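Next up: some structures, all given as structure tokens.
Shared between the two complexes below is subunit A, which has subunit B as its partner in the first and subunit C in the second.
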Partner chain A sequence: MKYFIKVLWAEAVKQHRNYFNNWMIYISLFVWPLLSFLSAYYSYSSFNVDGTLISYINGNNILVFLMLGYMAMSFFRSVVQSAWNFSRERQSGTLEYIYLSTANRLAVLMGNALSSVFESSIVMLIFGLLIVFSNRASINVNTISLLVVIFIFIIMALLWGVFLNACFLYSRDTDFLFTILEEPMEIFSGVKVPIVIFPAWAKIISFIFPLTYALEAIRQVMLNGASLQAVSTILFVCLGIIMVLLFATLITIVVVEKHMRKTGNVVLF
Partner chain B sequence: MIEVKNLKKTYDVKRRDGLFKSHRETIEAVKDISMRIDAGQIVGLLGINGAGKTTTIKMLTTLIEPTSGTYSFDGMDAIVHPAEVKKQINMIAGGERMIYWRLSAYENLWYYGQLYGIDNSVLKQRIENLLKMVGLQDKANLPVETFSKGMKQRLQIARGLINDPKYIFLDEPTIGLDAVVTRELHDEIKSLAKVKEKGILLTSHYLSEVEELCDYIYLVNNGELIVEGTKKDLTDFVFLRNQYVFSTKGMDKNVYNGLKRHVRNVDNDAEILFENGKAMITSNVELSTILAGFAIQESLTIVELHKMEPSLEQAMIKLSKDMKKEAEREILYKSLVG
Partner chain C sequence: MELKVLKATITKEFQVRLRAYPVSFMVGCILTSFYTTFGAWLMYHYFFRGQLSESFGSLTGTRDYMSYAIVGSLMYLFVVRTCLNVSRTLMTELWEGTLESLMLAPFRRVSYFLGNMLLQTITTFGETSIAALIGVLFGLRIHDFNPVGFIIAVLLSLYCFFGVSLILGCVMLYTRNTYITQNTLFTAMFLVCGITFPKEYLPMWLRVLGSIIPVTDCVSLMRASLLGGFPQDQMVKLVIRAFVIGTAYIALGMPLMKKVEIIALEKMEG
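And then the complex of A and B:
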């Protein structure tokens, strides 16, 4: 376990030094989600949202509703980007040395995701917390539920990142995953529009993304004051997803390494 | 001891025939290679580009799985237990990739040290020693992107020693480096084998490098082992004999005959040809001073005197010719006997 943590920490530190070496990077990662958030908020402002199908959305908390969506999205988006970035290690040849070492592959991928989850989202997180705090009168938080949900949310985001990292390592031709997962996740996970009002086909797509469940749980406990019991179904689904992601990642890591040893593609780019 | 027998690697690759058509093809990167590396020994793997050197090294480092053949690592089956092998090996490749340019030299070594789970206090001491060994102790905290090519290569060497490996695989480590840096790296490689008892496999396509460093040499071409032996065994047909071009002012048949006698006094087996007013001499003996001495003795002005460096390509052509002649002799012998 000590070795696992050493590798995880080293990878997180390396990613920090390698990619986040200028404060402008933090700002640039914040600007696009901010613009997208503002665009969504002013779109909603044109309509009267009171009395919608969603019990916990009203004219007072729509700003927080959207902010929670974009905060959660920034965590999940950051790991997709980090997975894409990690596949560049193949080009730089450093991936070969990682595979040459005895380091636990899961620890390496987790360290990469860990660094990305927090560093890519930190400015958005601070901004979001300020928005939520300044609109505290419009929210109804169940603190215990929130702590549990945040813990599960972070684990989910990390594992989603680790799983994608493993997938991106399969070959140099997996970049298409970035296109598939980046924008559709924002559209179908209910970041801007609650999935309840989606047509059936769109709901089916939304169920693919772990963010859908994590986001619903967060909104329930922050806007609706939902107890753990009230969100237990979603939480069980989230725990199920965590288990599936973990097993899928472990299997993918083994398959990827076997594939690389067979095809020699660890050095192809 | 590392011992591989009949190592083979084939790839199933897709080949495009047009915009929409493609077919699959099997490529034999390595056809049949058997070799052995002992601790404290520098073994050379020599071959032109595409000979199968890098694929062989990747199989020995367990990064690539052989299609067939056996690989014994200190008595253990390395194909079955790659993780155990990884603990005791490392690889150093030539070029400027494979290190993090935005990290400092110290940070690079720290990161790779953590990947091997080395205890922090041991790692700190080891990084300091390695940086000192490769002469980068004063640049430890500078980003690698500010380093020269030679400094990056020296950092690669330090990185390759971070886990104190028993065996080191050097894949063309001096490619693109100038003579001074190459000389320093050669000294470091020799010291690793002779002082620190590391088993080293060195791939190169520089004849002189292999000749200087290696105790035992394997020559590969088209994924197959062509010849193996010590430097002494291979001198005639791999490293070739010394070749000189010599000409003087007014060099005619008389001067040429005098030169022939002069050289033959030193080396009776020397081959001497007279072409376009120049003497072309091939000998096992170092003749530069002998030839210069001849010019002084005969009061001749030297127009040209230079020693030609044998190239790997020349050696390969000679070997191919020798092998072809050998095969023809065998066919003739069989037809006569049969």
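And then the complex of A and C:
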């Protein structure tokens, strides 16, 4: 375990040195999500907000509703970016060195995701918390549920990142990742529009994204004062997803290593 | 104007595209337009059940939110594609290693950029038509078509987008970065140029920012020519304003580009 943590930490530090050596990184991590958040918020102004079917959303808390969405998404989005960056390891040939070392593969992937989940989302998190705090009169929080949900949420974001990283051990073609995970995630996970009111076919698509469940749980406990019992179904689904992601990652790691040993193509596809 | 350079640029670019056209770019842009439309559709029909705020009608002159948002997203697609291509031309030359030889040749920049722009316009029209067809499925309706207004809006948009592309191109070439600059500009334009909601909802300083980007006026003009609800004199005002701002961008962009080219060439090896 000590060794596992050592590898994990080393990878996290390496990631930090790689990507946080330039202030420009904060533009993509903070300015873009902030601008999208503002666009979404002002587009609500075209509507009569109190006319929505969702009982716990009203003109007062819609800002917090949206902010929670963008805050949660920044965690999941940052791991997509981290996976994209991870594919560069393959192109620059460093993945080969990692595979030649005895480092635990899961620890490497986890270190990578860990650094991006915490570092890349921190600015958006602080901004979001300020917004939530300044609108605290409009929210209805269940503190105990919130603590449990946050814990599960972070584990989920982390494992989602680990899983995406593992997928890119297999291929260097990462462009499609953005095509299917950036904007669709924003729409189908209910960041701007809650999935409860989605038409059936859109709901089915939204079930693919882990963010859907995590976000719903967070909103329920922060805006609707939901107890643990009330969100138990979502939480069980979240735990199920965590197990599936972990299991899928472990399988992918083994399959990829076998494949690479057979073909010898660590730097290529 | 040197037609020879113009023709040569078009031929060159056309050949490059025939052989290695970035289809992923095209698909990506159409998808972005689709997601914007789809997001607006979900919001309008499902989240807020078709209940517009009272101010929307008075600000925009229409009660058809879907057409309003779709025309906005189509114009956004148009400007993004133009900027992506024209601004990046010299940057692409730099990447491909042809900038130095290009600079050795005596040619007029205007013809070179116009050549790129003309070819891009044809491609963009194709892409926008595909996106418009998708838009029709989501409820795009033409209410009050004004052919003269439409032609003016298209020509003026091309003129203004050319100016914006030049300035963006200067920034790109100077910073030698396209990813951060282009995406920052695009997300900012989406916010301040009234793409999916009336810009009057924005706070004052963002509105001011929007009014110095000619895209804002072009989007309003296009909406006015397709959806109506805009008095004639206000349209004329918009045309004049967009033309003045667009001209300012081009007048500033051309000499600036020359300066930046020199800096780029100096830094090329470094």
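As a convention for this text, the second predicted complex is superposed on the first by the 260 of 269 C-alpha atoms of A that agree within 3 Å, B and C clash if a C-alpha of one lies under 4 Å from a C-alpha of the other, contacts with A are read in each partner's own complex, and residues count from 1 in each chain.
Heads up, the rule we're going with is that a contact is a pair of C-beta atoms (placed from the backbone, for glycine too) under 8 Å apart; a residue touches a chain by one contact, two chains touch by 3 or more.
Bear in mind the structure is a predicted one, so any value in this text is a computation, not a measurement.
**Student:** Following superposition onto subunit A, is the placement of subunit B relative to subunit C best described as a clash or a fit?
**Tutor:** fit
**Student:** Is A:S45 in contact with subunit B, with subunit C, with both, or with neither (first, second, both, neither)?
**Tutor:** The answer is second: A:S45 touches subunit C but not subunit B.
**Student:** May I ask you to decide whether A:L239 touches subunit B, subunit C, both, or neither, giving the answer as first, second, both or neither?
**Tutor:** neither
**Student:** On the A-aligned overlay, A:I197 touches which partner chain: subunit B = first, subunit C = second, or both, or neither?
**Tutor:** In the superposition, A:I197 touches subunit C alone.
**Student:** Considering only C-alpha centres, what angle arises at subunit A between the directions to subunit B and subunit C, nearest 10 degrees?
**Tutor:** 90
**Student:** Scan A:E183 for contacts with subunit B and subunit C and give back first, second, both or neither.
**Tutor:** In the superposition, A:E183 touches subunit C alone.
**Student:** Which partner does A:A10 contact after superposing on A: first (subunit B), second (subunit C), both, neither?
**Tutor:** A:A10: touches subunit B, not subunit C.
**Student:** In the overlaid three-chain picture, which partner chain does A:L35 touch, first (subunit B) or second (subunit C), both, or neither?
**Tutor:** In the superposition, A:L35 touches subunit C alone.
**Student:** Just to confirm the geometry: in the superposition, how small does the C-alpha gap between subunit B and subunit C get, in angstrom?
**Tutor:** The answer is 11 Å, the least C-alpha separation in the overlay.
**Student:** Of all the subunit A residues, which ones make contact with subunit B and with subunit C?
**Tutor:** Overlap of subunit B and subunit C footprints on subunit A: empty.
**Student:** Note which residues of subunit B are touching subunit A in the complex, please.
**Tutor:** Checking each residue of subunit B against subunit A gives 9, 11, 29, 55, 58, 61-65, 82-83, 86-87, 89-91, 93, 95, 97-100, 102-103, 107, 110-112, 114-117, 159, 163.
**Student:** Hey, which residues of subunit A end up touching subunit B in the complex?
**Tutor:** The touching residues are 2-3, 6-7, 9-11, 13-14, 17-18, 21, 92-94, 96-103, 108, 260-264, 266-267.
**Student:** For subunit A, which residues count as touching subunit C in their complex?
**Tutor:** Contact set of subunit A toward subunit C: 24, 27-28, 31-32, 35-36, 38-39, 42-49, 51-53, 175, 178-179, 183-184, 186-187, 192-194, 197-199, 202.
**Student:** Where on subunit C is subunit A touching in the complex?
**Tutor:** Where subunit C meets subunit A, its residues are 24, 27-28, 31-32, 35, 38-40, 42-44, 46-49, 51-56, 65, 177, 179-180, 183-184, 187-188, 190-191, 195-198, 201-202.
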